[in-house]
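Labels for the chains are A, B, C, D, E and F, by order of writing; each one numbers its residues from 1.
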Amino acid sequence: MSFLRGNAPAPGGVNADKIEMAVTELDTVTDFFNRMVSSCHAKCISTRYAEPDLNKGESVCIDRCVAKFNEVQKKVGEKLQSRGAANAAAGNAATGGFTSL
Amino acid sequence: MSFLRGNAPAPGGVNADKIEMAVTELDTVTDFFNRMVSSCHAKCISTRYAEPDLNKGESVCIDRCVAKFNEVQKKVGEKLQSRGAANAAAGNAATGGFTSL
Amino acid sequence: MSFLRGNAPAPGGVNADKIEMAVTELDTVTDFFNRMVSSCHAKCISTRYAEPDLNKGESVCIDRCVAKFNEVQKKVGEKLQSRGAANAAAGNAATGGFTSL
Amino acid sequence: MDFSNFNGAEQAHMTKIIEKRQMQDFLRMYSNLVEKCFNTCCNDFTSKALSTKEETCIMNCTEKFIKHSERVGARFAEQNAEAMNAQNQ
Amino acid sequence: MDFSNFNGAEQAHMTKIIEKRQMQDFLRMYSNLVEKCFNTCCNDFTSKALSTKEETCIMNCTEKFIKHSERVGARFAEQNAEAMNAQNQ
Amino acid sequence: MDFSNFNGAEQAHMTKIIEKRQMQDFLRMYSNLVEKCFNTCCNDFTSKALSTKEETCIMNCTEKFIKHSERVGARFAEQNAEAMNAQNQ
């Protein structure tokens, strides 16, 4: 919560903004990973649960699913970047009116 | 995290409780908006994705969906308020036993 | 956020680590309870909403659902504990590579 | 939860945190209810006004969800109490 | 939201928090989009590469979701403005 | 992630945060598993006890989900390593 500390140097020479950015990155990757686990589980794992092990078909499916999910992430990211300005507008619409100081 | 500061005045004359309440309000509106986007997407947008634009039917559906979602929010809010005491009881049941000091 | 305070004693003799652990416990139980409410709602409550009260069948179903959900929690917990080492490995895979200092 | 090893200042802190969490839980239940009841009850978008049928459905859905949560909470508390008793014997 | 009773320091704090939330909201929308479009568009796991059909679907899904969010945001802002006007009269 | 530009105090802070996140991730996976396996395996509420069939399903569901997560994690780490190598060349 660096914003509660103003610009005073943190104890022990810790740059709070740097920490905050690293935490945001960590949380983003974790969220992404969790969604990948969940999506690929829905796509590849049979819900009969007759045995505790991944069978051959499920294993191969998982490998392809991870690769495809990563490709989709890249494609969507490129799209969002190319839309740049439009996205910024969407962000403002989303918080429309109620966050202007 | 005003509770970690006790009653000491915050640096720069910032009232931490006021900030905290504003943040809660901001998060509540954002959560509400995100659920509206998600619900209206499920109700109005065809998942065939044959073209990148909203068609006429989808656009009209979105407008009505937003209006209806807001009405539902009001109705549910009135209901919760009129239930007042009962809700407080539900809240206690939810955290039943394990939050009493 | 005890990690921002270093080892300095907190104002008023508050042990920040103790508070943090209690908060984690509170959030865990709340999350568990919310999932139980949601799962048992899906299993037991008819979505026709013809009347505002729980009928006999729904009430009995809820009671059994809560008992069963708790049993499942125990079974899964035992499984996770018996898997111990393997889980730790999974945890590392999950944050694989990107959290090593 | 057991706060018997908390000193006065720590108990005061926990009380504040619990109060904050209870408000957050209430707000979360509110938006959760709106979403769930809207998704179940509203399926006609030829009009922007709620029909009588939809409104009745929303009211019943809300009321029933609260009663459901209360019942789950009551059973859950009973089971926790039993588990705690078993532990203390 | 109304920040007219906030002093300068408090407004500065809120601005920082809002900026942080906007970045978090953007990241959340990003991963949300990836998940939603992947789940809808990708159903063939006989290959690890995206097919042309899947890729077109992903692009349309992304574009359409953004336009959908913008439209919902615009309607939502209008309704809030109306509600605010009604309150001030 | 790259922490090479972090000083000692900052690395210590990050280590503490990462440890906390790992515990939270574990708890989240636990409740997630309970929810997912319960929803898939338990469909008979004429009794409050788990049937043998339900119990077997829960055990297989848990075991399989962990193996699934491990496999996804391994593939994900490989891809990240490849991407990092590509960047450094």
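Annotations for the structure displayed:
Here is the rule we use: a contact is a pair of C-beta atoms (placed from the backbone, for glycine too) under 8 Å apart; a residue touches a chain by one contact, two chains touch by 3 or more.
According to UniProt, the chain labels map to these proteins: A, B, C, D, E, F = Mitochondrial import inner membrane translocase subunit.
This is a predicted model, so every value here is computed, not measured.
With steps allowed only between chains in touch, the distance from chain B over to chain E comes to 1. For the pair chain D and chain E, chains touching both partners: B. Judged by contacting C-beta pairs, the busier of the interfaces C-D and C-F is C-F.
Each chain gets one centre point, the mean of its Cα atoms, and the points for chain D and chain F are 27 Å apart.
Rounded to whole angstrom units, the spacing between the C-alpha centres of chain A and chain E is 14. Chain B and chain C have Cα centroids lying 22 Å from one another.
Shared interface positions of chain E, i.e. residues touching 2 or more other chains, are given as 1, 3, 6, 13-14, 17-18, 25, 28, 41, 59, 63, 69, 73, 76.
Counting only residues that touch two or more partner chains, chain C has 1, 4, 12, 14, 26, 29-30, 33, 37, 44, 63, 65, 67, 94-95, 98-99.
Chain contact summary for the complex, chain C toward chain F: residues 3-4, 20, 24, 28, 31-32, 35, 38-39, 42-44, 60-61, 63-65, 67-69, 71-73, 75-77, 79-80, 83, 86-87, 89-99, 101.
Those residues of chain F lying in contact with chain C across their complex are 1, 3, 6, 11, 13-18, 20-28, 30-31, 33-35, 37-39, 41-43, 45-50, 54-55, 58-59, 62-63, 66, 69-70, 73-74, 76-77, 80-81.
For chain B in complex with chain E, the touching residues are 12-15, 18-19, 22-23, 25-27, 29-30, 33-34, 36-37, 40-41, 44-45, 47, 49-54, 58-59, 62-63, 65-67, 70.
Chain E meets chain B in the complex at residues 1, 3, 6-7, 9-10, 13-14, 17-18, 21, 25, 28, 40-41, 56-57, 59-61, 63-65, 67-69, 71-73, 75-76, 79.
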